[in-house]
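This is the structure I have questions about; it appears just below.
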Amino acid sequence: MLELVDLHVYRGATHVLRGISMTVDEGEVVALIGANGAGKTTTLQTVSGLLRPRTGEVTLRSQGRRIALAAQAPEAIVRLGVVHCPEGRQVFASLSVEENLMIGAYARRQRTGIAADLARVHDLFPILAERRAQRAGSLSGGEQMMLAVGRALMARPRLLLLDEPSLGLAPQMVETIFAVIRDLNRAGVTILLVEQNAAMALELAHRGYVLENGTIALSGPAEALLADEQVKHAYLGIAG
Amino acid sequence: MTQYYVQQLVNGLTLGSLYALVAIGFSMIYGIVRLINFAHGDIAMVGAFSTLGLVAVGAPWPVTILVVLAVGALAGVTIEAVAFRPMRNAPQVTGFIATLAVSVVIQNVGIMVFSGQPRNFLFPDVMRTRVPLGPATVSLTDLVIVGVTVVLMSLLVVIVHRTRLGMAMRATAENLQVARLMGIDINRTIMAAFGLGSALAAVAGLMWGGRFGQIDPLFGFVPGLKAFVASVIGGVGSIGGAVLGGYLLGMAEVLFVGLLPPEYAGYRDALVFTTLILILLVLPNGLLGRGVEDRA
Amino acid sequence: MGRGLVALGLGAAAVAVMQASFNDYLLTLASIILINVMLTTSLSLTNGLTGLFSLGHPAFMTIGGYVAAILTYPARRKGFMMPELPEALAVQQWDLLPSLLVGGTAAALIAVLVGFPVLRLRGHYLAVATLGLIIIVKVLVNNMDGYTRGGLGLNGLPQLTNLWWVFGWTALSIIVCWRIKHSSLGRTMMALRENYMAAQCMGVSALGISLIAFVTGAFFAGVAGGLMAHLITVITPGTYSVVLAFNLVVMIVVGGNGSLTGAIVATVILSIASEALRPVEEALELYGLSQVILALCLILMLIYRPGGLFGSAEPALVRRWFTRRSP
């Protein structure tokens, strides 16, 4: 569904991604793991159009069409069903919970089905229904994460880019969020998951890529990566 | 004596309304693009001169107001397209210089077209009618200015808080990057902020002319700067703050002139800008504003 | 500094030639251009090197100009022109140099007073606060008519400024700015401009450094205000206005972000160009035309060549000339 070919991306003068190639197939959960500064967020931001690659291709295969994403604006990419849920939640603190969810649906061309989707998000995260009129900034960290995921769902993603959904959350909340991610995938959403928490990510994912200094150091089925000595040592905190 | 105090109060409200209308635009634009539009005050001048033209061709006043709103919006959108958009990724300082340049262009084109001589600007005679208000009377002009301001502000509140566009504007002001990720076309949102803010400034210019009787191509600049001071008092970036700051500044100016011996009246503008420096010293975020520090 | 002395000597020779061959109009024009050079080099400390955006030069010029004018004014006419002047001052009639120094110092003191609250905040606040300062100073001068004759201004100042004075002060301001730029202080200023946060994290006192740039600039602006007043023999509250601030900013931007050579070259070219456009304006009766052209040039420059003519560096030729020791 998504294909990155020899991607080079700069942030200002810094060469962050140095030739990345990877694929995400329809229906998969793919985990992208690596240390801080390896280029995980940069990869997602390039896919969602916030950053432009210097060279290389980002291709979306959708309904038999091949679309070059690198030439598109972020708002156009959202309309293609590629939705990026950014790191650190980043809900709109001064807007109400409900407005945040409606912003999620902002890019949708047909306005029908929005109410149904809102109900679905409320079913998934009942707390968001309870707090619908509250300012998003007054929610707890975990509730904000639910709001961020719910907001992304309102865009009806076909490919969801999730950046560090476990960051700063209590373990129980992490369980909840990961359960939702699994359910979403079962319901047909393809997911590219960036995580510091490599163990959880690889347990959930079908396949994984390990990013080191802007290049892919290792890739393979999730179970294989979980069993890999190098990965165990560097990312799973298990002495090898 | 009652008449005197009521008149002072009305003077303060009238002046405050005009400052508030201009300050709102500063705040809306700053809220989204983090830039002060130095040409914003000159939009008021453009509004006032458009009014002269419309009156000359005999347009009825309601039509005039609508056209002036449109002219202001158009001017704002043009400034955005010419001077802001090409420099959106440039350092902040570049943006200030560009808007200052736009201000110089507008003022001097004004001088080239209309000459620098002040022109009389008259509301219809009926506006000079005195209307009884409690124990005193006030002029219809002042009532209309305050009334129009309240109506326009209410409209703005509806747009900002009850429409999709307004929601997108608030989201963009809070976090431009994430707004883009939600599929918001920020170019359109920024354009809307310039358009709405400038439309209000243009009407403020119309009413400024009618209240003070004379306009010239440079008249918008200093009131524009004072309106910026008002938005700083309220907290730049906050529309509510701009309104509050506008009325506080209008009242303060009127009190200053009204309470002190007449020989100090000339120091009014010095007071306004000294206030700015003092506010920046003790309350840099203003009364209702969030942080003004640069986002890293 | 051997090469520097050579350059100074060449400049002095040029001044001597001009002094001998130019008529009054050309001498005045040359003086005004040099004063502009002094203004832009000193303003480039803040606006070029440190990445601040001050529009305050006209305010400092007005302060320095009036202070100097009051000091040099013929004592026998002071009672009539400045009735409220204290007796001690009213009997004084100073020479140009001490008056300029006092004027510059007064401007610098005001700069400390304004800079302290405003320079803690970045960017636009300095721009608006300094615009405000222009208005504050103008209002004060207008209303303190016992000292300043209000809106009428002070005319009939002794014409004490000549090309030599202007040359000396301009050379001094260039030397000071050059020295600052190529010292560790100057590098710290540029570090602030490039990355404010990072520079602060490295223990740079942003406020202190910004104040040095701002106050030094204000001193030279004050002196320039005094020089100009004693050149054209008159000063009014509106002589140095926002328009002047804008023109100075244009010259700096066109010259390049912190390049002294660029600022000097741009100042000379733009000053001559605007003087040349004046008859065109008058012939067409399109007053304001040259300002519009200047502003449009600036916008185009900002879009298509934001680094200015020379960027931040001095051109290699100039740099080599001054940095290599003479044989």
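We call the chains A, B and C, going by the order they appear; numbering starts again at 1 in every chain.
Going forward, a residue touches a chain if its C-beta (ideal position, glycine included) is under 8 Å from a C-beta of that chain, and two chains touch if they have at least 3 such contacts.
On a predicted model such as this, the values are computed, not experimentally measured, just so you know.
Take each protein chain as a node, join two nodes whenever their chains touch, and name the resulting shape: line, ring, star, complete or other.
Topology of touching chains reads as a line.
Can you tell me which chain is nearest the middle of the complex, judged by mean CA position?
B
Averaged over CA atoms, how far is the centre of chain B from the centre of chain C? Could you give it in whole Å?
Centre separation, chain B to chain C: 32 Å.
Taking each chain's centre as the mean of its CA atoms, how far is chain A from chain B in angstrom?
Result: the chain centres lie 42 Å from each other.
With chain centres defined as C-alpha means, what is the inter-centre distance between chain A and chain C in Å?
From the centre of chain A to the centre of chain C is 54 Å.
Could you list the positions in chain A whose residues touch two or more of the other chains?
Touching at least two other chains: none.
Two-or-more-chain contact residues of chain B, please, as numbers and ranges.
none
Which part of chain B faces chain C closely enough to touch in the complex?
Spelled out, the residues of chain B in touch with chain C are 35-36, 38, 82-83, 86-87, 90-94, 96-98, 100-102, 104-105, 107-112, 115-116, 221-222, 225, 228-229, 232, 266-270, 272-274, 276-278, 280-281, 284, 292-294, 296.
Considering only the defined contacts, which chain B positions touch chain A in the complex?
164, 167-168, 170-171, 174-175, 177-186
Within the complex, which stretch of chain C touches chain B?
Touching chain B: residues 47, 51-53, 55, 114, 116-118, 120-125, 127-129, 131-133, 135-136, 139-140, 142-143, 196-197, 242-243, 246, 249-250, 253, 286-289, 291-292, 294-296, 298-299, 302-303, 306 of chain C.
Using the touch definition from the top, list the residues of chain A that touch chain B in their complex.
48-50, 73-75, 78-79, 83-84, 86, 90, 92-95, 99, 102-104, 106-108, 151, 155
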